[in-house]
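Let me begin by presenting the structure, written as structure tokens, before commenting on it.
Chains here go by letter, A, B, C and D, matching the order in which they are written, and residues are numbered from 1 within each.
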Amino acid sequence: MIVGIIGATGYAGAELVRILAGHPGAGKLALASVSRQGDSFESVYPNFFGYMPVTLESPERVIAASDVVFLALPHGVGETYARAALERGISCIDLSADFRFGDDEETFSAWYGKPYEYPELRRRSVYGLPELNRGRLKALAADGPVIVGNPGCYPTGASLGLFPALARGLAGPGTVIVDSASGVTGGGRDPSPAFHYPECADSLTPYKVGSHRHTPEIRRNMIAMAAVGGEAAPSLIFTSHLAPMNRGILSTIYLPLREPLALPGGKGGPVRFPGGEIAEKVREIRELYAAFYREEPFVRVLPPGTVAASGRVRLSNFCDISIHLDPGGSTLILATAIDNMVKGAAGQAVQNMNIIFGFDERAGLTAIPASF
Amino acid sequence: MIVGIIGATGYAGAELVRILAGHPGAGKLALASVSRQGDSFESVYPNFFGYMPVTLESPERVIAASDVVFLALPHGVGETYARAALERGISCIDLSADFRFGDDEETFSAWYGKPYEYPELRRRSVYGLPELNRGRLKALAADGPVIVGNPGCYPTGASLGLFPALARGLAGPGTVIVDSASGVTGGGRDPSPAFHYPECADSLTPYKVGSHRHTPEIRRNMIAMAAVGGEAAPSLIFTSHLAPMNRGILSTIYLPLREPLALPGGKGGPVRFPGGEIAEKVREIRELYAAFYREEPFVRVLPPGTVAASGRVRLSNFCDISIHLDPGGSTLILATAIDNMVKGAAGQAVQNMNIIFGFDERAGLTAIPASF
Amino acid sequence: MIVGIIGATGYAGAELVRILAGHPGAGKLALASVSRQGDSFESVYPNFFGYMPVTLESPERVIAASDVVFLALPHGVGETYARAALERGISCIDLSADFRFGDDEETFSAWYGKPYEYPELRRRSVYGLPELNRGRLKALAADGPVIVGNPGCYPTGASLGLFPALARGLAGPGTVIVDSASGVTGGGRDPSPAFHYPECADSLTPYKVGSHRHTPEIRRNMIAMAAVGGEAAPSLIFTSHLAPMNRGILSTIYLPLREPLALPGGKGGPVRFPGGEIAEKVREIRELYAAFYREEPFVRVLPPGTVAASGRVRLSNFCDISIHLDPGGSTLILATAIDNMVKGAAGQAVQNMNIIFGFDERAGLTAIPASF
Amino acid sequence: MIVGIIGATGYAGAELVRILAGHPGAGKLALASVSRQGDSFESVYPNFFGYMPVTLESPERVIAASDVVFLALPHGVGETYARAALERGISCIDLSADFRFGDDEETFSAWYGKPYEYPELRRRSVYGLPELNRGRLKALAADGPVIVGNPGCYPTGASLGLFPALARGLAGPGTVIVDSASGVTGGGRDPSPAFHYPECADSLTPYKVGSHRHTPEIRRNMIAMAAVGGEAAPSLIFTSHLAPMNRGILSTIYLPLREPLALPGGKGGPVRFPGGEIAEKVREIRELYAAFYREEPFVRVLPPGTVAASGRVRLSNFCDISIHLDPGGSTLILATAIDNMVKGAAGQAVQNMNIIFGFDERAGLTAIPASF
């Protein structure tokens, strides 16, 4: 099978190349880059020297040569290629936001500042969070080529942490807060002051507070996940931070419980030291989470005493989740860790390819993370 | 004036030495270390080579020789020295938690696992957050030697962010969430697996979720700050994280507003893109904050477009605050940045010394941060 | 095939587990740890959670159960296990220095401070730098179990850079200088002041200058490599540095040429800007290097314009080499980059296992490095 | 005194602002930026917020308003401003290379690719390495305004390490090798692929091998320093590296001794473990170095057991030097550490200003480095 990648010189594109180079089902790779067309891929990424002697071609030639195509492009430029792929009868996995919102063009255009180019393409598109939409993706792919709207990096880590709580009715009416921090690769390959080494190193800062484009995507997932349990979703506040590291997203999630423990302290008085009932409640919720994700190859509900750490999923497709509770017993605190370039982008895209083609879902994604 | 430091070989102690070496009012430093007594301070910290040729003495000798003494010791071991200082008639600034809780021995012992050794010492102690207690500290110091319970690092950044909102009645009944991350110096100088370079580098992780000892200290400050406006304080959830950087604490604070903007969207439906009323409300609250802190030498309410970043207060005594709002207009989002070793420890301790002795409060603390 | 690892909880041991978990020829892993015997390996390394549910056993049981055994132990404690392995008739790959010096017990004891315990074991041992000793290893393994003295991390990067120049007679009589810097994982897993995050971060420093134990190993390799061309080896100066990064060794090597370009400038006068003859000479030497390593799967002689960078071999078994010349044309400057934990330790050890058992030499080592 | 800075928005310029803000003799600062003229300096560097409310003016206005002017500009654009300063009768300290080569226009133009614009300006210029040229600078400044060619960052660390050995005749005829690594701030403030966070982090690489423009400057200094002892200078090889840290330059220098210890081993045979005569020789040379720099306020010859580390001079104007010897006793190994932005740029420029105006040479430069 020939696998095409359009936008192969960006970080997500290069990560797709790295992962697919070790994929048993992927044969030759066809790589496209508008900016570097005609150059050797290895000249752009010397770390591949000797192992990816491929010349960067035009998107059109790559689509014409491929059995499936990945789009690793900026938002708002991929619809033409997706359309061309469908017309050729091949499936397309888009890593931008263009196909994440399905019929909800209003939300997309409000947050991304442009309308859909070919709205009708959404009839063949699905939001590619496998843990939520595996069935829909399989069904759609069964009767023809599909377009996968591959999830954003923050929404992946946040949604996988929230899914069991929302689907099983643990969430109360309050507001869910998702506080996330990402490594600098999340900013992509283009140099800019914000990602200049001396500006990032040894510093932590929030950005796009209250206006990050991943907010509506997380919100939309919450609604879909709560609907699994026939519930309405609580409201959402999402904040993103830039952390001085290369890879990884750590999300700390605060979810008010529908049935809080009625513990003394809190309002008015001092906060009490957590007692045994907290540990007991945590154990119970952890078991619910572990059962919920039992069949998932890439979601790991961590054992007691282990806390999610971005460094422990580095270069893997895992999403690690640890379960905690505030000392008052009213709020579930979830920590989730992913590699923003793998489960948050290229790895999840390959996972979607595996589902479409009926490969083992872990094909090409079996790496165990190195923690140091 | 001779300034004594007990526990000079720990990170907080060494930072006190660095700051006091440039303090116009501090003459000779007398340094004590139990573990390294008799050694030269420079042999422990070669970065001081040639500029701090002091031999480490016993705590007793340092107290006997000093006009004021800093205690940079683990929790629960300093009361004896504080008592000795008072008996000698000199003031004492304690960087541990032993004197942060005043009469509330119950909360201290519940979270720190030990009772007070000399409860009566609290009659001469004050919690040393100058922006909250400057007046009380001055008054107490006016009639004799005092013991300052120097604030914890997280409580400093969190409380300064919350103070105006709580004192001016902006806070609604809900729960305040403080999500903070600290550099590794916060873990102190003793090597351990958690702070081993390869375990920390390129990774972000929460720790002590729901049970961090700084929780009751932040909570207690919230109660005191809300009382300034005659209000009861909302409840608190605090989470600490370890970030791959040397210095700095970035706290992102979520405070439900008493008078939220009544904006469409949120509950049930998709989240809306923030409109102009958000910017207007942010402007209004920023002005309230700027007015509240107008006279404070170390609190900087940042201008529009500037977000608090831990790297921008590095090695300074500043606390930077940026003001934000969620797109629904219901929750105030505050970002505060401090250097955990300066405003979060040694710098604030020197600020308290300046208040006690009537020095310019900025004496020894005039450094402008280097952002790279 | 059952593969045993003794010392599985150290960094080199854990890296062996990570690599062997993806090795097509390795079946079950048997893991031993004296300090953590009885514990689960996953409890020591949560990054393996769910994928390495193995209980740590005694070394004796692991040797009894295995078809080959890796020793990832401190220097001077492995000979007993190596002996036991040979007696059981299985080969042993030792990552310590105990078997790197063969018959030269004098040099070993002078630098490591202890004699051999069982000198006779060296009759079955070989120094496992495949590019130098592949043939000897194959031959020895052909007639029975062997002990591989797996090379040190610095000697691997330094020796691979020097081999073609020494074997092909490029080296003049002068002194070769090897100036290397390693990531902090080179210091191992035990916390200590030198590897405490705040001591390492944002700082670069030499260590063990003039007395690093890898010096005699590099020197011994130089003699063996020069002998391939019938030459005597130039003398050696080696300096190691600690760099603020997790993984990687970058070695910059200065080798005086036997036939320097006779260029004006240098002695007495100012240094001249490099001219075209420099580029020509570099091209010529690069071709010699490329030809020398043409058949090697893991040595990459980089193309013009690409400089060796430790980050570009991260998590791979590659050794990248770039070729340079001083502006005077008298000294060859080589830059080599390896991942100290892979080609510098566990990866090379697996490469040796592949040679012993006739596996494809790249088995388990096919990962392409991620450069970000 | 009004101090002008042209190029205030670059890293060197901003560092000058930071240092001069704490200088007792500097009154108002006048700041110029061509690119950001009319903007507030604080809007470019928010870390100064509230403490440097200065509007960026034109270079002409700054020269007209100042009593001394610093030029923090790219190479080859400052001569016009220097000329204007002299014409106004004020001294000028240029941080570029334009005035580092005095009469040797040939070497400058060969390495920097352009001729001098106003060669005659060199009649009033001096190379501003105070430890070498303090006397010349004082003398020249005594009879009128001067232009200081402030040294490059690498040449400062390398030259201060070599000075005593060259001036006291320790150097043999061989080649001196200077192997240096710099933090990323050395690349300046403009974003580029080479200094993009994900490209630099966790990686070490050489750059401009054999062609770095600082080579002829170091070489020229070696000739001048050897001439102090009436000697000819050995030849030079210099290699620069980019290290994953913000600040600091660590230089490891290899200098063949004129009178090597005649120790067995080395040529032909294995390298021997260093014996007592090595320690004795190191002690002797360290004493020579300590005596040589006894009067220097910023050069620290480190005591036995302490090795130069870039992190230990962070944000200070110190140059730390540690003395070592190869095990064969033939080559002196020097490690020097500076902060590239302070002693390597802005700090040394202020030191030169102090000399010109007769201030205490440490004025504004008294900060003790923080090592964490």
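Methods note: a residue touches a chain if its C-beta (ideal position, glycine included) is under 8 Å from a C-beta of that chain, and two chains touch if they have at least 3 such contacts.
The model shown is predicted, which means the values in this text are computed figures rather than measured ones.
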A student comparing B-C to A-C should find more C-beta pairs in contact for A-C
Outermost chain relative to chain C, judged by CA means, is B
Averaging C-alpha coordinates per chain, one finds the centres of chain A and chain C separated by a number of Å equal to 37
Per the C-alpha means, the centres of chain B and chain C lie apart by a whole-Å value of 47
For chain B, residue numbers touching 2 or more other chains are 11, 183, 185, 198, 201-202, 244-247, 309, 311-312, 371-372
In the complex, the residues of chain B that touch chain C are 11, 183-185, 189, 191-193, 195-198, 200-202, 244-246
In the complex, the residues of chain C that touch chain D are 104, 107, 110-111, 174-175, 177, 179, 181, 183, 198-199, 201-207, 209-211, 215-216, 219-220, 223, 232-237, 239, 241, 243-248, 250, 252, 254, 256, 266-268, 270-274, 278, 307-312, 314, 322, 324-328, 330-331, 333, 335, 337, 371-372
Interface with chain D, chain B side, in the complex: residues 11, 14-15, 18, 21-22, 45-52, 185, 201-202, 246-247, 300, 302-303, 306, 309, 311-313, 315, 320, 341, 366-372
